[in-house]
Every structure is written in C-alpha cells, then in structure tokens.
Amino acid sequence: MALIGAGRIGKIHAANIAANRRLSLACVVDPFNGAEDLARAFDTTAADVDRVWSDPAISGVVIASSTDTHLDYTLEAIRAGKHVFCEKPLDQDVARAARVDEALVGSDQRVLLGFNRRFDPNFAALQRRLAQGEVGRLETLHIISHDPAPPPATYIKTSGGIFKDMSIHDFDMARWLLAEEIESVFASAAVLIDPAIGEAGDFDTAKVVLRTVSGKLCIISNSRRSGYGYDQRIEAFGSGGMIRADNKIETTVQKWTEVGAAADSFQNFFLERYAEAYAIEMDHFADVIEGKALPLADQRDGTCALVLAEAADRSARTNQVVNVRRSDLA
Amino acid sequence: MALIGAGRIGKIHAANIAANRRLSLACVVDPFNGAEDLARAFDTTAADVDRVWSDPAISGVVIASSTDTHLDYTLEAIRAGKHVFCEKPLDQDVARAARVDEALVGSDQRVLLGFNRRFDPNFAALQRRLAQGEVGRLETLHIISHDPAPPPATYIKTSGGIFKDMSIHDFDMARWLLAEEIESVFASAAVLIDPAIGEAGDFDTAKVVLRTVSGKLCIISNSRRSGYGYDQRIEAFGSGGMIRADNKIETTVQKWTEVGAAADSFQNFFLERYAEAYAIEMDHFADVIEGKALPLADQRDGTCALVLAEAADRSARTNQVVNVRRSDLA
Amino acid sequence: MALIGAGRIGKIHAANIAANRRLSLACVVDPFNGAEDLARAFDTTAADVDRVWSDPAISGVVIASSTDTHLDYTLEAIRAGKHVFCEKPLDQDVARAARVDEALVGSDQRVLLGFNRRFDPNFAALQRRLAQGEVGRLETLHIISHDPAPPPATYIKTSGGIFKDMSIHDFDMARWLLAEEIESVFASAAVLIDPAIGEAGDFDTAKVVLRTVSGKLCIISNSRRSGYGYDQRIEAFGSGGMIRADNKIETTVQKWTEVGAAADSFQNFFLERYAEAYAIEMDHFADVIEGKALPLADQRDGTCALVLAEAADRSARTNQVVNVRRSDLA
Amino acid sequence: MALIGAGRIGKIHAANIAANRRLSLACVVDPFNGAEDLARAFDTTAADVDRVWSDPAISGVVIASSTDTHLDYTLEAIRAGKHVFCEKPLDQDVARAARVDEALVGSDQRVLLGFNRRFDPNFAALQRRLAQGEVGRLETLHIISHDPAPPPATYIKTSGGIFKDMSIHDFDMARWLLAEEIESVFASAAVLIDPAIGEAGDFDTAKVVLRTVSGKLCIISNSRRSGYGYDQRIEAFGSGGMIRADNKIETTVQKWTEVGAAADSFQNFFLERYAEAYAIEMDHFADVIEGKALPLADQRDGTCALVLAEAADRSARTNQVVNVRRSDLA
C-alpha cells in the first residue's frame, strides 16, 4: 500500500495499515507535510508519487491529501492499475467527479470512498438490523450531526460550505439507510454561531428535509458547534417501532451527587469517535483489494451525496424545495 | 365550577376538580354523554347549561365538550361573567376564534386554553431552565410527538387534519420555547401508515421546519403511530449545550438477559402521560380565578398555533415554504 | 375511617383517605399534634380516641401516632372490632408485638402493617415479574437503601437503632422477594458519617448478608446519608438473568454540556418517593376492610422483620453470624 | 520481549506487543500449545525457554503459561536479569509466592502482576476521580463481578476455588480503591448454579464483606453465571456522593417497541471487556522496563489478594468472620 498525505487523517490510516496483518505500508507520499517523519514512525520510507505509480508491488493507494488533489491522484492511480481508497469528496464538482466513473469503465479496479460512518460498528449495526426488518418497514429517519466547535473562518472559505463539507456525510448516511431514491430536498440554514462564518458566505446551522419517491421523510440536523462534544445520533422510525444509535461516551463512569447523576463526557470528535470505523474501513479495503468485497461506498455514492449537498445549498439560498433529477442520482 | 362535557377528558377534569381543595364541582352538563353518572361519581348534580350561566356561585366553567361547541360555550360563558378553561381548539377557524378576543375586551375575565403540555412537570422544567439560560441562548429546537396508534378514519374526517388536530400542541410548545415570532413554515407530509387516512384527505406522518425572525430553527416530527407508545420528546440546542426532556416510562424496572438490558414500556398515551399536567393545569385555573395568575396559555396562543397549523397544511399541500403574516401572530 | 396521629405521615394518610372515593374520614385523633387543623383541612372533626372505639360507623382505624403507642392503640382497636392499618413497627419488642397475633385469634379483623414499599409500583412490578419467573429461579438479591441525610442525634436515641428503624423495611422487602425462610444473618456496621450517632450507641452505615435455608443470599446496604438523595434500589439475580428497580428521578430533563450528560436529581425522600405507594396502600386497606383482600403485610410480617433486625444488631455487635430460630419466623 | 505461553491470553499479549511501537516480540515459548503458529502470525520465532534466559537483548518476559508454572518461570526470569510481566497468580500458595519478594531484594528488576482491571479505562477513571476526592471521603464500596457462564467442572478442580480464581481480581480492586488495610473478611457462599461445582468442593456464588481498620466496608458479589454477559460493576459511596462504573455494551444501538426500550447486549467476557485494558497494561510494562514507572500492581499486591482469598474461603467454610493478620498484608 502507498499512502498519499501525511496529515491528521493520513496518520490514522498509516497506523491502521501498520496494525492490519493483511496490509503493509510501502511508502508515504507528501510534498508538504513531513512524509519522512510519518514514514519513519512506521518503519517505511517517504517517496515521490511517481514511485507509487510505477511500483508493481503496490496494489492499493490511500489518498488522504488535500481535497483539491483527490481527483487527480485518483485518476492517476486508476491509470496505474491501482485500487483506490480516497477520502471524500472526490471533488467538489459533480461533473468533474463523474470522470472517475468513466475511468473505471471496463476495469476491475475499485474506488473505496471514505464515508467512514458506514464502518462505525454502531451505525453498521443499526443499518443491518433495520435492513433485517427489526422495526418493520422504514418510514422516517432523523440524523443529528453536530460538531463540538466551529472551525476557523479560514477553513470555512475553502471548505465548500456546510452542506458539502459537513452534511455530505449525513446525505450518504441517509441514502444508505433509506435505501431508496431521494426526490426532493428542503434546507433551512442560518448563521447563529459565528458571524465570521456568515461573512465567508456560509451557514453554521442547518435543518434539512429529504423526501424519497415513496414519501419516506428524513430530517438532518447540522450545527458547527454543539457545546457538548461530537453529537452523532440516528433514529430510524419504522412500522414496528424505532431503532436508534446514540453517542459514545468516554467511560462508563457516573457521578451521583445532590444535583443528580452525571455521566462522563461525550467523545469529542471524529478521530476518537470513529477510531474503530477507520480501522474497519481499512480492513474492508484489504477485502476490496483481495476481491472479497465490493466497496461499501464508491465514487457513485460520492456523486449522489454531492448532488444532495448542492441541492440543499440551493434550497437554503432560495428558500424553496429543490427537486433532485433522477439522472443525477442514477 | 361547572363542567361542560362528560366524556373522556371531562372525567379527568372532574376528578382533578374534586381532588383540588380550592375548587368544588357545582354541576356537570352534557346532553349526550351521561352527565348523571359522572355527577353521581363526584357527589354533584347533572344540570342544564342555563343553570350554569345563571348561577352566580359558579365562577369558572370548564369546557370539555366536542370541538364544534367550544366557541359558542366560551362566548356564552364570557357573557355570563365566568372565567373559562376551554380545551383546545377554541375553533378550527382562525377568524371565528378571534371573536373570543373581542368578547374579552375591557373585561377582567380570563380564558385558559387547554395546552396541557405546558403544565407537564418535565416540559415546564425544561422551559424554566432554558429561560434561565442554563444552555445559553437557544438556537434550534427538536420536538418529537408521535402517537402510539392511529385513530379510526372516522375520527380523521372531523379532526381538522393532522396539523390542526395533532401538531397544534407542538406549534404551541415551539412558540412557548422559542419565545420569538415565527416567520415561515415548511412542512413535508405523507401517508405511510394507513391508506384510509390518505383517502380521508389527511396525512399520517409529517416533518415541519419553523423559522423565527432571527433565524432560529425548529423541527417538529409527527406520526400517527409510533409502535412503541406515546413519544413526546424535546431537545433544545443552545449556545452552551443542550437541554432535553425524555419520555416517561411505566416503572423503573429493567430486565437484563443475554440480549441486553430491557427497560419497561413507555407510557402509552396522553391520559396517562399528562395525568400530572392535567391536575397542575386545574390548579393553575384556580389561581386564574382567584386573580393570582394570568393564564399560562390563552385564546391568543390558541389563535397563533392555529395560524401555524394552517400554514403547515398549506405548505404540505403546495410543497412550498409559507410565510406567516406578522399580523396573524400579533 | 378514623385517623390517629396528625403528624407528617398522618397528613399523608388523611389526604389519601380524602382522595379515595371508597373511604371517608370520620375523625382525627391526636392529643399533641393539632388534630383540629388537620381535621379542618379535610372537612372532618377532631375527636377523642374513645369516640373512635365506640362509633360503630367507623370500620377501620389508621394508626400513625408515635411508635410507642402503636401496640396499645392496635390492641384497643381490635377489642373495639375495627380493622387496623398501623404504621410499622407494632412495637420494638418482639414478645410484646406477638400479643397482636393472640388478640386476632378467632377474629375476622385484619391488621395491615405499613410496609409501604410493597405498594410502590416499581418494587411491586419487580416482585410480580420475579414471581412469574421472568429471570428464572431467584438466586441472590441486592437491596440498597440509603437515606439522603442523617437524622438528628436526638431522633437516633429513640429510634431503636439503624436496624429496627431503617433496615427493617429492607428485611421486609428481602423476605417478600426471597419468599423463603431466612436461616442466618451477618451484619457489619460502622460509624462513618456522624460521631454523634456513635455516641448514641448506634451505627450509621451497615452491610448485611442474609442466607436462606436453601442457600439463597441477600445483601442489604444501609447508610444514613447518601449525599445524592434517597437511594432505593433492588437487583434480583436469577438463573435466567437479572431484574432490577432503579431510583426515581425528579423529571426526565437532562442537560448536555462539555462535561457530559447530567440527569435531574433523584427524588429526595420517602414522602415524595413513596407518594404513590401510600395512596395504593390506602386503597388496599379499603380492599381489606371490604373483605376483598388479605393484608399484603400483616402483624406477622412485622414480627419477622423485627426478629431479623434484632439478629442483625446482635451480629454487628458481636461480629458473628447469628442464626435465626425457625420458631421466631414461623 | 519474550512471551511464554501461546494460549488464549498469550495470543492477546502477542498482539499487543506487536501493536506497541516501543516493544518487539523476540520469541514465543510454549512446549505444549503451538508456539510456532503464534510466532509465525507475528513474524517471530518459536524458541526454547533457555534461549530467553540467555539472550541479553531480551529485557522483559511475559509469562502467560499455566498457573502452576508461573512461580518457577518468574524466579528464573529474575535470576536471568529480566523484568517480568506475569499473569496472576504468582502461585496458589502464599508462602511460596513470597519467594518472589525475596528474589527481588536489592534488585532494580520489577514484577508486573497481571491484575488487568486496574488498567481498564473505566475503573482507572473511577479510581483516579475517587482518589481526587470527587465524592469526598470513601465510606463503602460495592463490587459486582459475575461471569457470563460457569466453566466446566474439570476447570473448577484445578482452579483453586472461586475465591482464588475469580474473586481474587475483586480483592485486588477492593484493596486498590479502599487504599487502606483490610482487617477482616466474611464470606457466605453457596452452590446455586451447578451441582457439579459443589461436588468438586467449590462454590459458584458468593457474597463477601471486607472491613478495613477504620471501619470502611466493602461488599463483593461473585457468581459463576449471570445469564446476561459479563457483569463488572463498581459503586463507591463517599461522604459527598457516589461514583460508579457500569458495564460496557456492544453498541449504542437501542430498539424501541411496545415492550419498551431494549439496549444492545452487554459485552460478554474478559477478552472483549478488557481488550483495551490488556493493551494499556502492555504499554505500562514498556514504561516499567524503561524505568519510567513502577508496576501498578506487583508481587506484593498478588500476595495480599491471595491472603484475602484464603481468608474468604476459610470464612465461607466455617461461617465465621476471619481476621486478617497485619503481617500478612504488610
């Protein structure tokens, strides 16, 4: 395996490759972020990206570099005959992202797109039990996804906006759980947390209503700041009851005093909350490389989530329901 | 006190009047529903409604008759100089309901409108702690209100529709907690539970997004059937955290077996879930009669909730955001 | 009904008699505690105790006076042909308490002893589900019973000691749930909270191990001060799992902040925690008077709990296991 | 590092050594249990134990072989100048185990004894917060430790009995949390689960009361079969409230149906429940080897727990309180 990108998320992937007995880390590529340090920590070498494309021993590439490089690296990796595990999004532009689809035509290569939440054991159990009909036929879905604290305004400017940067995970989760085509999107968004986010042209708070072709309804709640840690919850209402996944808590310790029972803190952010998910995702990539599984999320899932994000953005800015064209979500 | 209406909710009020040491039940009026039985059970007499208007010893009237009689009884009671505790709604029609406002001009009489949830100790504590700033400034609000099981289609036909019949409580709760004027309403609704409800021209499932003038957002989720009892939950997200009220459970008993911990059932429906609220509400009416308090919810709150319900209905039927005129919510 | 004793617990019983449609309060007797005020509040009269014995319209007597008067009032009430609902204990002395048993020989009169916890809906549900075999055959039992705050040392002096005053409820609960004869008692007790309690010759903290004839084991934990409200929990471990009853909490409101989720306070003390139990207990007394039920707890249950309390006290003072004579618990 | 013992727990330690960047696994020793397979899985070699003693590159030895070999391997490792991480117990015999103490006199080598629960993040957080005085001064302690299902009777015969085999972890936890010398032990034990365990001369259910010199009380509850997974809970009652650690649950998923809310299963057994603890323990051993920390639990802690286990066994068999000699716990 080669790893492109030695930043925060690259480090996570490096550790998970190292800890996975089916994978070994051939090299780390990063012209900017200290590939050497990361390579040394995992007993491997820093390398130029051309080494990755030309080394036949490298069968898979993990792309964890900055977002604007995802698409080019992915297309090069496909040309070089590698399987790809790319952090989301492939690109901020739907039309450009579609080029990955074309590049894969007629190929056995696979692109695993990093929708890490599908690999979280809690959400995965919820999806499995829902699909098995434990609460009957799904009717509506509530997804809460609030970050602990807002990013700096500088990040906001290159983020693509709350819907492409943050809600996109929730759109993917909604598609995965609803298991049905989405017909329309309504979003109401506001700047309630940080005026600088508004000045950057973005929102910091949003509520989205998705509607599927059969009338199933899904609510997504997004906030850039919860004030109480990373809030990642899902409730799925079915004809036979409800199934939900709750937040993870640091420890099981509780303190009881005269003001009542106090639980420990909620896990704070994605590196911690989804630590297990990242390891399982990497193991799944090993399965994909070995031909034992198709990617649980691929480039088309990325495109569909992006289409919904764009529709939500348009809805929030026009205050109107936006219909999603069937062809966009094919 | 006189009680008009000896049905299900009338019986609750009769018991709460009897148990309240500050109130006594002078008579029960109900031409249809066995006023005699109820009167006998509480050591009082059945009476004709004219007796109520003419008896100077009766200072308050509780109106718990069928919805289409609420307005006329309320207006007559006002004319007769009584204080009124009327079950919601005053009327299904906003313009007609406004006549109560006119009738009260220049009077010291009060109309307490039966938005029972404001009296629930859980929601009341949430409102108080929110208003005290325990989680900072309120930003968004989630209200879940799902009934255990759908009513018969015959009920649906005269109910006024899901928004006026069911969501109206949630619109009132939203107004109370948001404490700010609502600017627009979006509703997406569907028939997912019982086709007969659709044939009656109504919906059985709805998600509503309210937006206040300052951009605060509120989601309301309604369903005519939860499959797991009466689901009545609120989450209020503020700048300093979140405060929530959860469902009530029959007992604190849990069973632990190899499939895990199982709690006892959720309380099933409103007579049980809001039993305490009804008693507190009646005690509050005693305060209102004695001039110690203004009604926590009055005819204007009823009108405002009705305006929101009509806006939601229009939104659901047109698939567009409906702006609420400031004058309607004055 | 006549009520003897107008103190804190007498007031509770007066209200429950008044609210019970099958019962009416004929008079209140209390030479010391303002029987007049209480009588007036419930539209009845204060009376001399002789009036109670001689009035044939009074079929039941509720004895809520000071502990040292329980036995004499109970015996007089039996002689006068009344049914008795007496707060526990009948007497601090096992031999004297046994005189109630003798007095009832050949009579249809009943003594309901005020072990209020048996009437708590949570513990009653636990008992019923346990008896129905929901977790198989009962093996061991844990009872936690900690008061919010210690009583003044003056109370301690006349209380009979922690085992007769406090643990006695737990001994009764243990007997009820174990449904089997107890063979031996071991208690380890200490003064950890208030030295004044130790100076009064009593303990403020105790752990008790009961053993039944078939080897079932029960742990009781007592403390005069929890620091977090009234801690009243039971866990029953069976061959097929565990069933437990947890503490009651003031409201369902939770606050989520960066230190985690905080629930509302635990209900603080017995008047609040067992409010429902007292009402149900009084309704049960109506059943007993009407011959529809035998007392759920009677004078023999009182004696058995007292025997266990004495055994625990002896064990704590000698640091030895105390065997309970079969004849004492017959 | 050398690993002695390639069984179930040896495999855990091998994986944790491999995943720890500060440690490397030099060889695996096991004459019986397929050292080769385990060595191959972790890219190392199987070896004879003499190789371990003579290889100067090996600074630490992990002993995870059968209990009857612990003492000899530990003494040999000490003679060979290695640091030792030995699974508990060093030996079933207090006097023999004391030989490790003697062997270490004048040496800088350390013995880390495998009381894995001290490394569990939940219990470690509880201990830290308790020691920091979050609930004031500790008064009493409840430890629940129930296995999911009983071992086969063949295991029982060589196990040393429930107190040395199972409760010993709880005695260590009690000592760690009480942080005070224990004065006496009372145990009541029974055969309630499997008669074969009784025929093997052992108990399957026990309740133990420990008392410290200052009168602090600790209850330990042990059962060989819970029926609902691995039950590992602690409650510590202090002068300012209570702090507790609860069971871990497989996922955060809950299902709500008409019978109420059902959580996911409790984690079933120690390999899963203490997976994190084993990894942290191994990292702690790296600290010990590097001289950065003293063992959190050492041979003397092993001896003290063993003394308490023997006292509990004697108490259960004689039905008397057993005083623990101060010299045994020095």
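By letter and in written order, the chains are A, B, C and D; residue numbering begins at 1 in each of them.
To be clear about the criterion, a residue touches a chain if its C-beta (ideal position, glycine included) is under 8 Å from a C-beta of that chain, and two chains touch if they have at least 3 such contacts.
This one's a predicted model, so the numbers in the text were calculated from it and none came from an experiment.
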{"item": "Interface composition of copies chain A and chain D: same or different, split at half", "value": "same"}
{"item": "Equivalent of B-C within the choices A-D, A-C or C-D, defined by over half of its residue contact pairs recurring", "value": "A-D"}
{"item": "Centroid distance [mean C-alpha coordinates] between chain B and chain A, Å", "value": "41"}
{"item": "CA centroid of chain B to CA centroid of chain D, Å", "value": "57"}
{"item": "Multi-chain contact residues (two or more partners), chain C", "value": "135, 226-228, 240-242, 250, 256-258, 264"}
{"item": "Chain A - residues contacting chain D, complex", "value": "19, 21, 41, 121-122, 125-126, 129, 134-135, 240-248, 250-258, 264"}
{"item": "Of chain D, residues touching chain C in the complex", "value": "135-136, 139-140, 142, 144, 146, 184, 186, 188, 190-193, 205-207, 209, 211, 215-217, 219, 221, 223, 225-228, 231, 237-242, 319-321"}
{"item": "Chain C-touching residues of chain A, taken from the complex the two chains share", "value": "226-229, 249-250, 256-266"}
